[in-house]
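Submitted below is the structure of interest, expressed as structure tokens.
Chain IDs A, B, C, D, E, F, G, H, I and J follow the sequence of writing; residue 1 opens each chain.
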Amino acid sequence: MITSREEVTKMIVATKITQGFTWKQIAEVIGHSKEWSTAACLGQMAMTKSQAEAVGELLSLSDEAVAWLQIAPYKGSLPTEVPTDPLIYRWYELVNVYGTTLKELIHEEFGDGIMSAIDFSMDLQREENDKGDRVSVVMSGKFLPYKTY
Amino acid sequence: MITSREEVTKMIVATKITQGFTWKQIAEVIGHSKEWSTAACLGQMAMTKSQAEAVGELLSLSDEAVAWLQIAPYKGSLPTEVPTDPLIYRWYELVNVYGTTLKELIHEEFGDGIMSAIDFSMDLQREENDKGDRVSVVMSGKFLPYKTY
Amino acid sequence: MITSREEVTKMIVATKITQGFTWKQIAEVIGHSKEWSTAACLGQMAMTKSQAEAVGELLSLSDEAVAWLQIAPYKGSLPTEVPTDPLIYRWYELVNVYGTTLKELIHEEFGDGIMSAIDFSMDLQREENDKGDRVSVVMSGKFLPYKTY
Amino acid sequence: MITSREEVTKMIVATKITQGFTWKQIAEVIGHSKEWSTAACLGQMAMTKSQAEAVGELLSLSDEAVAWLQIAPYKGSLPTEVPTDPLIYRWYELVNVYGTTLKELIHEEFGDGIMSAIDFSMDLQREENDKGDRVSVVMSGKFLPYKTY
Amino acid sequence: MITSREEVTKMIVATKITQGFTWKQIAEVIGHSKEWSTAACLGQMAMTKSQAEAVGELLSLSDEAVAWLQIAPYKGSLPTEVPTDPLIYRWYELVNVYGTTLKELIHEEFGDGIMSAIDFSMDLQREENDKGDRVSVVMSGKFLPYKTY
Amino acid sequence: MITSREEVTKMIVATKITQGFTWKQIAEVIGHSKEWSTAACLGQMAMTKSQAEAVGELLSLSDEAVAWLQIAPYKGSLPTEVPTDPLIYRWYELVNVYGTTLKELIHEEFGDGIMSAIDFSMDLQREENDKGDRVSVVMSGKFLPYKTY
Amino acid sequence: MITSREEVTKMIVATKITQGFTWKQIAEVIGHSKEWSTAACLGQMAMTKSQAEAVGELLSLSDEAVAWLQIAPYKGSLPTEVPTDPLIYRWYELVNVYGTTLKELIHEEFGDGIMSAIDFSMDLQREENDKGDRVSVVMSGKFLPYKTY
Amino acid sequence: MITSREEVTKMIVATKITQGFTWKQIAEVIGHSKEWSTAACLGQMAMTKSQAEAVGELLSLSDEAVAWLQIAPYKGSLPTEVPTDPLIYRWYELVNVYGTTLKELIHEEFGDGIMSAIDFSMDLQREENDKGDRVSVVMSGKFLPYKTY
Amino acid sequence: MITSREEVTKMIVATKITQGFTWKQIAEVIGHSKEWSTAACLGQMAMTKSQAEAVGELLSLSDEAVAWLQIAPYKGSLPTEVPTDPLIYRWYELVNVYGTTLKELIHEEFGDGIMSAIDFSMDLQREENDKGDRVSVVMSGKFLPYKTY
Amino acid sequence: MITSREEVTKMIVATKITQGFTWKQIAEVIGHSKEWSTAACLGQMAMTKSQAEAVGELLSLSDEAVAWLQIAPYKGSLPTEVPTDPLIYRWYELVNVYGTTLKELIHEEFGDGIMSAIDFSMDLQREENDKGDRVSVVMSGKFLPYKTY
């Protein structure tokens, strides 16, 4: 019996590695962006029935695993408050160094409120560059003003 | 005697609030983007002599404060490991939820390595939208492959 | 020179105590609910110019303090991750004990997403009861579904 | 041999997912609100013998599991001090942002004391709204004044 | 201007030390047990007007300080999660070593619920003993059963 | 092979639950108070050979388990520094709120030193009361003065 | 007004440094070992009236400071859970590396119980040695067996 | 396959308990002090081939386990930063209370530097005493002065 | 099924210990420095297909394990924020004691920026010395200046 | 009155910034390497009388400050366990990523023991390189074998 969503994540990752799939291939089967699809496979998003079945078929998952993919998972993909992996840490560092800057500029432009992390999308692309290619990430989130009542 | 960079940051913020400057105005005086300039004023970047003097003149800072602006500061702008401010927390949440996704997709595209948080730029814009305007942030960082030796 | 919003909060609280105002009186001057007004005075919400001036007049605050009240503050009102005050701890305990219950029931009713803490209102009332009066709190937040992209 | 209540929680959740039950259906069998019943199934409340047997029958649990359901469990349903799941975090954020507000207003109305988290009930409903449906949660707890002795 | 209850606590403690009062003498003036009175002076309980004035007179506190004594304070008297002071640590150790024992025995006697820390009293006495005197502490708290709804 | 005392604790608890023993019955077999006996079964005290054999016989434990019961265990029965269980948390709260009070009053009565948590006993009783029964706990620990050398 | 024992500790240390006293000289005036006397000056032990006056005279402390020296202080002399100072860290490392060894050997020799840190003395000496002098520390604490009741 | 040193430690401890060996007996077979030998068995020191084989023979360990005993292990024998076990905590308390005293006295005698925890030995003895036997521990570590370069 | 890179690390370490390989031998098979090769085997670097196959052949790893070796792993090799192992702790201590020194000197020489930990190499050698051999480590990392934009 | 070494560090840093000294100039006055001298000025090493006087003269420090420079300071130069400054973090990252590698290779070469952080020196140089200059740091520490006793 599968008793946690993490077990399904591990199955997906292990199958992907040993059978040589890419996240882009998996995303095509799901029918959404590679960003959303990867997050969904890694246990951060809930899939619809047809999305889950498509992944299940591609990666030969059991019916039970397919059922788990449709559940809104307990989110949070990192093992520690401060990530130890250098790639992920750089993003945490950006929050740490630029956090107050983002706050000041969003408030200057929009007033008090937040940028949604739910009504949100992300697009990651390679940006060719003579001095070394760059990672370009566009993040777009709805501005939500604080409600006064 | 000013004995820490934080004191200068507090002076800049207090003067900006009571005299009604915007970060865009300050950035124009500095001559760089509003993103970099705000980060620099908030103690996350070192200014050149002329940048520091321009800020000093606009905000009536002492020579001592202007000297401190040219020092590479001890960076990190948040008071706690997990930020409590809702706007900044949303960014931490993005790292927490999408951290492993970013890792997987960058490795799929570029191999092992990181996206630099140093050779990095950021551009924040309002994106008009009928369902509510959006915050759009473009982040661009050089990909740095792990060196084999 | 006032160099942080916390200083203004302390002034408001000290004046309220020594001059005997209630939060309801302060809320009437601000023109909003006692819940929102108290949060705003305690440094968790930004006021408009006229709201800030009204509070400033009632509590004899300086112009500088009134300017600070209009700034979107760095939010988070508790000194530790786990609150030590017994009244506030009981709310943390509710999150700890009922957190997964809230998650399950909201997902069952609405699907994957969150209840907004920004587009949010709260109403606290005394509920008379023979076995001892009760505190009744109604919380209302917009449901925000996760966006698929 | 089952050696912890967590194992029973995992069995209940896994069975619910793979057999497609809802918490409302489980609550009907238990004979209490969906809020209390879900918390009880997730290991936060002790059931009576008949409640436990009803759940056991519905979900085909062993006698041993049914015995565990009647034990007052070690409560606390979250894996970290600060929850990482965005839905649950929003509740923690409310405590963090509004904690001192709740404290001030309850003291203003009732004097020194707390709102009980034990003699407590909760009701979660969908509130239809043209701008997007809202989650409405009513929390009611007995006020307990500090005893002077 | 006094801007926190901690300042009043420090004044009380400093005056008590330099003028040589005992907690028993202060408790007599307040008119309650030495346990409750000491906790109130140390910022853990709110005093009534007459209690605060009595303490104020005895220790020559200002009117402002007397006003602060009547406010429900932000409770929690220890600087760290795990106390470093050996006397106080022994009490933390008792919770750590006997915590699950207290839980088991209270549940065995009363069912699911808690012992109140609010409707609570404490009495500390010297217990003479040939092998060395003992500290005897009687703690009495109302049992509060979990409400089913 | 049993490789930790925790395994034996889990066996004892599971057997007690499924076979319906009470801690009082187990304490009678051990021949000591219910407080000490429960703590010993929960891995906080070492038993003598005859005590361990009596428990082993009552609960059908293996010889190996009985051997482990006679070992001085690594003590500490809680999974986190701040306990999440509401019943146990109330005791931690008492230490947090009354810790400095206990320190002041013990020092006022006895001078510098501590109340032992080793030469210590505890007695928990139901105290009948018209307004709701109370939990009464008497704690007695030897006072140990700091040695001057 | 002196409002904490830490202020007195800082005065003692500063006076000692600028006037060139040694801890041995201070201990002679106090009339106890250099180990106990240093701990007392650093805010870890309470002095008698005559000890405090002797220190006060030697270091020209005010009467108020002398009064504070006679109070049982809130003990714990380190700023972090894991000490950062290399000399003090080595002692923490010894507890970390040899902690379970000390536990095993004391239990093997004495049975269940602890070595007292209250009825305790310490003697630190230079041990001359051709390969480099050694620090020799003798620690002696009363064994306290767990009481069975 | 044994994949960690901790597994070997658990085997040694379990065998010692069920077969009734003492650490002194094991130390005799190893040919070193009981202090060093216990630490080595508990995974804090590396053994030579002959030491490991002697322990392996006495406790019937596999060849694989004997190979692991010869590896320099990842040291640190405690599960938490602040130990919860009362016996081990007392040693942490000594570091906390006397840490700055040890620092002051070692610097007064030797200048800047540390007492080595590597070139270190420890001897634990029972000290008979009419008022209750004492644990006497002699610790000896080489003084290492900071190198100036 | 292998479901994590840690499992492969454990296999490599266990095989190395029981079959008596050295890291130098493994590095020769991989064809890179012993520093990079050890880090790669310990799960901190991704191998190429041929490197992974060479290690797999030497240590008789399964195809699945060889596939895992080619994945960019979640890096970070220590179980706690502050390492408990004395050898590794000394490096953490160097960062703690010399961290601000490194920062000052690198900024003095290069201006604001960092030393890369990605475009980085390390060489560890024995340095013979009459007073005791020394460990000599040369670290070389590209300087990356902060980009102004 | 100066009551902590940190105050002297702040004075030195502030004077250096406003008067435009470099660490190399300060090191020349001290007569040691720039690495040791900077660490000493930043409160990590104790100076001799003549070194302290030389620094005091150059930076116009008071006699009191010069006395503090000769005291072995409480070491540790970072405000948090995990450093937030990107330059210093990279060094922490190296310990995190390469920590187990350093451990393995030092043990392979030297056996069980540590590399001293006390009998230690460091040399930081610019390494010119066409692809961008590099920071080269040579660290040399005496190997200290664990003593068997």
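Before moving on, here are some points about what is shown:
The criterion applied here is as follows: a residue touches a chain if its C-beta (ideal position, glycine included) is under 8 Å from a C-beta of that chain, and two chains touch if they have at least 3 such contacts.
All of these numbers come straight from a predicted model, not from anything done at the bench.
Chains making contact with chain H as well as with chain J: G, I. Using mean Cα coordinates as chain centres, the one most removed from chain G is A. Put simply, chain C has to spin 70° for its C-alpha atoms to lie on chain E, with the angle rounded to a multiple of 5.
Inter-chain spacing, taken between the CA centroids of chain C and chain I, is 48 Å. Put simply, the C-alpha centre of chain A and that of chain J have 41 angstrom between them.
Rounded to a whole number, the gap between the C-alpha centres of chain A and chain G is 53 angstrom.
Among the residues of chain J, those in touch with two or more other chains are 35, 71-72, 74-76, 78, 81-87, 93, 96-97, 100, 103, 107, 113-114, 116-118, 120, 122, 144.
Every pair of chains meeting the contact definition is listed here: A-B, A-C, A-D, A-I, A-J, B-C, B-D, B-I, B-J, C-D, C-E, C-F, D-E, D-F, E-F, E-G, E-H, F-G, F-H, G-H, G-I, G-J, H-I, H-J, I-J.
Listing the residues of chain D that touch chain E in their complex gives 32-33, 35-36, 45-46, 71-72, 74, 100, 103, 107, 111-114, 116, 118-122, 144-149. Residues of chain A that touch chain J in their complex: 82, 84, 86, 89, 93, 96-97. Chain G contributes residues 22-24, 34-35, 38-39, 42, 44, 75-78, 81-83, 85-88, 90-110, 113-117, 120, 122, 124, 126-127, 129, 131-144 to its touches with chain H in the complex. On the side of chain E, the complex with chain C involves touching residues 1-4, 63-64, 67-68, 71-72, 74-76, 78, 81, 117-118. Residues 10-11, 13-14, 17-18, 79-80, 82-87 of chain F are the ones touching chain D in the complex.
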